[in-house]
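Below, each structure is written out as structure tokens.
Note that subunit A is present in both complexes that follow, paired respectively with subunit B and with subunit C.
Coming up: the complex of A and B.
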């Protein structure tokens, strides 16, 4: 590749990524040369500004015509922009939490590392949203994963944190291996790693044996990637890792990392398996993705049941949220199963709503656990008496997570319901499971509510609110209500700017 | 009417204000709440007056776009909505005022009024919703408000449990409603009431589907309105403060189920099976709850079971095509039951106990509450000239005219029980000797008695808007311009009214003889009412018969039904819970923390999927 070709690429489309990369380099250099006594919080604020800048440049790219550079390995399409928006908003909020995170376990020393590792992971997630090639997808995935492993073990002298990182690495390794093995089948049959190229080759595939092998490849890729989603059968690491990791990292794993998982799954599923024609018994041809819908439906159902049912028995708030996050992955998988023409909208909106409500909840969890030094749910007792507004905010997040009307979470679930019922073969069973497990989830969500509102406080001490965390709580609470009452604000934005994602494969 | 959407917003503003500034306002918070509901009330009355002469008003705007589907939000003022607005805002306003006295001295008054505001907002929002989806949203919000209010005395373990039970039990019904709603949407392509009814009328929906959706929606109403078998939460919900019971568990929220069935009436009316289900559940609940009411000794629980029973009447009316009768009874019941609860609150406020065995002789001490309670009792017992008489009469006629003879007689017997247990309550509380420990009993302040006076007046006169003697104004107005709702007045045989009067008087008489005898000396009786004296003279004899037959029978039935309730209904609930719990336990056990297990599970999962895939030749 000569210089001219290199310069002819429209590098402007990568501005958000470059900004993150630049800030991340800057932070690592600063951390190295700044004297020890300088508070590393400043690095966090620089990182935050960087993410906001990236967000601004991303917004300015909205409406940009679909372009791909570097021989179709990096794509800027509406799908990439829409999901990067969620990643960046989520990333910015998590950074604010991380800045305020103080733990008396010697994390101070490594706080600088925390911020640039975090940005590296975020960069990986963004690359995944934009990649048009199996290789870049996988590199993005690893760029997200490896810093995540280190982040989970940031509290070096904490046993649980160590355990958490260890389990995360081992499970992550297994998942990468499975995914990569599946991808190798795809490459073996298609002869190319480029998603568009694969789609073209697969569009004309007719050898039943090949299709059969691709079916097996699908399972490997899907199960491998379900690690990132924390969905069945690869969900078991989540509670242990969530519990041991520092709270901002838990927030990151449950929101940003999960979103990235859905991004990569959508990319691969639609562009690879959405084009393989399968001839059914009645002679009709449907894409492989639709032929194996029942399997995804099964996994979605299993995920919802496992997450919600086991959550009933948790007393550790972070473990509880781990199971709740498994359950939410299950709900989104329902939308993925349905593959109606609103699937993209439904998943995007749900991930947005989930990012807002879950990060808001984690902001409050971080406040309480830092204050009491324990993660037991009983420390939420009497929160309403100690800090009424905090309790009301937490109430909003929990109502939204439970899917009570008037909140963004309800609209998200409604979208998924409608999508699943709109398609020709409506998924009644799956929707019934979703409704039933949602009812189960009320038990544990309202357990927290009972603690906050109906129990006397054990400790009457005031809770001090750091600026960053307050901003996160305010922003997420207002947005959760806003999108719950006026969901069209978000959905209209999606429709006018992203044109139903028609350029997904162009 | 164009600005009717403002009505629910006043209480919402009150809720938000109290949330932000409640701590500073302290007891002055009450005024914020009272003013807000007063504004809603005044506005509601204006809207009702306007609606009397003008056609239905409806305004909508696009709320949510899913694909090419547009969901709307807005409000509608039709006859039923306008009437409900006034009922809800009036009772809410009176309860707000009353609570000023009742809750006096409680340091959490701002919280209480904030919750009341939230609830009133949700309830008013519910009654002006023009479509099912919006109704459902407010329906849930009403549930949240009720959850917070029942659990208000959170330091009581029982209150906490009751709050949770109420929320979960009604949620079970809500799942039915949600599924019914989604099915209806799938069949008709709309959540709008008008469009659904139009589609049903055109025959676009199959008969089975109409029955199915109607019954599913009815399950939602069963949960909210405490109908059998989802009624168990309502008596427990009495753990909340008494004004809350008056507002939520008598006049508004529990009536929401009846309201839902009433506003979906054309759908129900299109299916014989659905109508019959509603009628049977209603009649059964009416008599079932009435028998339980006979043996309760907690003043609020008696009222709670009587509420369940009266709601059963309304369902019976709707299920017997008596749209007007159901809505009419909903209105009169809201007034007299709110009155009874507030009066009960006044009694509890005075004697600090809820056990009627420990009360007695309060008539002379509570000179306001006593007569007011009596008015409520007369109204609910269906004594002629009081409001309950007219509305209950309408229901009986509707049941008869629809050909539900069996259910008609059940309802008549239930009316007898109602009169009996209500007067049993009245006599045990107000007549007889005053207990020694009740020396310092004093009447409630006027801020509490005045709201009761207003309700008492309504409990007497509200019936006259729809009588067979002076014309059925309410009925004619309610069905005006909508033939699907049936006639404004259903003509029935004249003897029904006589039978109804007779059973209610009989019930009262029996109660009086059994529970009032100690307070009235023989001289007093023999000198002033020789005929009554003659009967009373034989009271032992009648008592015996009564004890052998009615009380024993009723007790047996009551015990039997209680048995069903404990072992069957709660058993099923417990079994389900236990199953879920056991599943959770096993699941948690697999989560041993062994990282190799996690990897194994993932691999096994993958292998199972691939084997199934391979064995089925690929594509299931």
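Coming up: the complex of A and C.
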């Protein structure tokens, strides 16, 4: 590659990534040279400003024509922008939480590392949203995963944190290997790693043997990536890792990492497997994606049932939210199964709503667990007495997670139901499972409510609110209600700026 | 007169009370109670204005309002008018009657809430939220908006029962939540199937589209699907009403919730079940409904007899009234099962009449419990000596409930049975047994209280006083008014009835 080619690329499309990369380098250098006594919190604030800058530059890219640079490995299309928005908003909120996280159990020595590892993971997630090539997709995936492994083990003197990191890295390694194995089949048959190129080759495929192998490849990739989503069959790591990891990292894993997982799944599924023609028994040709719908539906159903049912028996709030996050992955998989024309809308809106309500909930969980030093649900008892507004905010997040109308979570579910029911072969069973498990989820969500509002407090001491966490709670609570009552604020934004993602494959 | 925003104002005026209450100091008991009652007045006044302006010849269609609210599926869908959910309120005769009933009972229940002993601030805020939900249910012209309001009633009720109820309050709150959650889940499936397959959630549009041959749809709606949806509706609203095997939650709520909340619950919330069945079941699926009439009539007779027989053996007055509610809801089902003019009119009359009567009886229960701290029949014996006036009104309420001519209960029972005798005389004959049983169990219970053997002396117990007169006099007055001059009800209902009858081709 000579200099002219290098200069001919429209680098401006990568501004958000460059900002994150720049800040992350700056932070690591600062951490190295700043004297020991300087509070590393300052690094967190610089990181936060960086993420906000990236967000601003991303917003200015909205409406930018679809561009593909670096030999089609980096794409800037409406899909990339839309999902990077969620990633960056989620990332900014998690950073605020991380700044207020008290640093003990080994974390005090590595507080600075925390922030730049975090930014590296965020960068990986953003690369995934924009990649147009299997190689960059995988590199992005690993760039997200490897810092996450370290982050999970950040509380170095805490046994659970170590266990969590160990489990995470082993499970992650296995799942990455499986994904890569699946991708190797795709490469083997297509002869290229470029998503567009693969789509062209696969569009003309007719050999039944090849289609069979591609079906196999699909499952390997899907199963491997389900690790990132924390959905069945790769969900077992979630409770242990969520419990052991520092709370901001848990929040990161459950929101940003999950969003990134859906991003890569959408990219691969639609661009690679959406074009393989499969001839059905009645002679009709449908894409492979539709032919294997039932299997995805099965995994979605299993995920919802496993998540919601096991959550019933949890007493540790972080484990409970781990199962709840498994369940939510299942809900989003329902939208993926349906593949109607609102699938993108539904997934985008649900991920946005989920990011808001889950991060809000984690902000409060972090406050309470830091205050009491325990993660047992019973420590939420009497929160209404101690801090009424905090209890009401938590109430809002829980109602939204439970999908009660008036909150963003409900509109998200509505969108998913709509997609699943509007197609000719409506997914009645899947929708019924989703609704039934939602009712099951009332048991554990309202269990927290019972603790907060009905039970007396063991400790009447007031809870002090750090600025960053307060901002997160306020922002997420207001947004959760706003998107619940006036969802058009988000939906119109989506529709006017991203126009149904028509440029996704162009 | 300009009626823009009239209904919005009517429905959301309690919100003003909630906001003002938020700024009241917690300990100012009398101030909070006054504000709580005052906050229910704007809705009441507006509801009465609506009623009298209707009697004065104003068309109810003038009250309708409509704004763009949620647009699913993007601009393409919007241009074709699909998948838009508008914020649309409106009332017909039935809605008007229910709104007036709700506003009246809400104000009276707010007065009855003076008996509440703790945390008045939270209580009245939730109470007013509940009122918004109820008013919204009866005015929304759109299934998704209806569902939103429907669920808004669920959450405050959960807290009102769980926090301010009697000994087993949390259990009662959970059982309320789960049963009703399941009911709403099923309702949500029905709503979403209709919405995604027809592209609209407006009730009027749905009625037209589904009863027109070859109307343009997003996806086909077969006859058997319609039948399935109607049965699902029957189950969903059957939980609310409640219909016989789905009633156990309602007994718990009647016994454990504070009497002022039971006034609302038994007076209005149960009626949402009947309202929904008439509005959606009969309105949207008239043909399928006609096929189910025998089932409904049988269920109605079972409800009537089951409730009556079990009420006969209860030892707690609250349980007598709870079973009596089940029994009286049987009459609603009987009227609907008749599926002719007299029957439907009887059913709607019963909805209103039982709303008033059960509110009166439960108010009196509250008054008695306040003084004696018991509700068992044995302990209340001889109450007429201590509280002659309250006992007198209790007798009057019981008379109205068992259908004494000249009171509202008589009109509704007469019409419902008149309707059923036309269609299924044998079943109706069996049903009349229930009417006799009603007289037996009510007289047994009331006589045991008023003239029964005095287990203890009721000395120093004050009779009905000050604010307690208002609910009693208003409710008794309305009960007698409807009994003597049924036209106050039948006139607004006429137009609604005609629309329904046109649908069923009667």
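Following the convention adopted for this analysis, the second predicted complex is superposed on the first by the 504 of 506 C-alpha atoms of A that agree within 3 Å, B and C clash if a C-alpha of one lies under 4 Å from a C-alpha of the other, contacts with A are read in each partner's own complex, and residues count from 1 in each chain.
Keep this in mind: contacts are C-beta pairs under 8 Å (C-beta built on N, C-alpha and C of every residue); 3 or more make two chains touch, one makes a residue touch a chain.
Worth saying up front: this structure is predicted, and the values here are computed from it rather than measured.
Look at A:312: by the touch rule set out above, it reaches subunit B but stays clear of subunit C.
Between subunit B and subunit C, B contacts the larger number of subunit A residues. Once the two complexes are overlaid on the shared chain, A:223 sits against subunit B while remaining clear of subunit C. Contacts of A:458 after superposition on the shared chain: neither subunit B nor subunit C is touched.
In the overlay built on the shared chain, the residue A:166 is in contact with subunit B alone; subunit C does not reach it.
With both structures placed on the common chain, the touch criterion links A:467 to neither subunit B nor subunit C. Applying the stated contact rule after C-alpha superposition, one finds that A:406 touches each of subunit B and subunit C. When the two complexes are overlaid on their common chain A, residue A:240 makes contact with subunit B while staying clear of subunit C.
In the overlay built on the shared chain, the residue A:424 is in contact with subunit C alone; subunit B does not reach it. Shared interface residues of subunit A (contacting subunit B in one complex, subunit C in the other): 341-342, 345, 399, 404-406, 410-411, 414-415, 417-419, 421-422, 426, 431-432, 435-436, 439, 442-443, 446, 450, 453-454, 486-488, 491-492, 495.
Partner subunit B is touched in their complex by these residues of subunit A: 163, 166-167, 170-171, 174-175, 178, 211-212, 215-216, 219-220, 223, 227, 232-234, 236-237, 239-240, 278, 280, 291-292, 294-295, 299, 305-306, 309-314, 340-342, 345-346, 388-389, 392, 399, 404-406, 410-411, 414-415, 417-419, 421-422, 426, 431-432, 435-436, 439-440, 442-443, 446, 450, 453-456, 486-488, 491-492, 495. Looking at the complex, you find that subunit C touches subunit A at residues 68-76, 83, 144, 147-148, 150-152, 154-155, 158-159, 162-163, 170, 174, 177-178, 181-182, 185-186, 188-189, 192-193, 195-197, 218-220. Remark: subunit B residues 19, 22-23, 62-67, 69, 136-138, 140-141, 144, 147-148, 151, 154-155, 159-160, 163-164, 167-168, 171-172, 175, 178-179, 182, 186, 580-581, 583-585, 587-588, 590-591, 593, 595, 597-599, 601-606, 609-610, 612-614, 618-620 touch subunit A in the complex.
Of all the residues in subunit A, the ones that touch subunit C in their complex are 341-342, 345, 399, 404-406, 410-411, 414-415, 417-424, 426, 428, 431-432, 435-436, 438-439, 442-443, 446, 449-450, 453-454, 486-488, 491-492, 494-496, 499-500.
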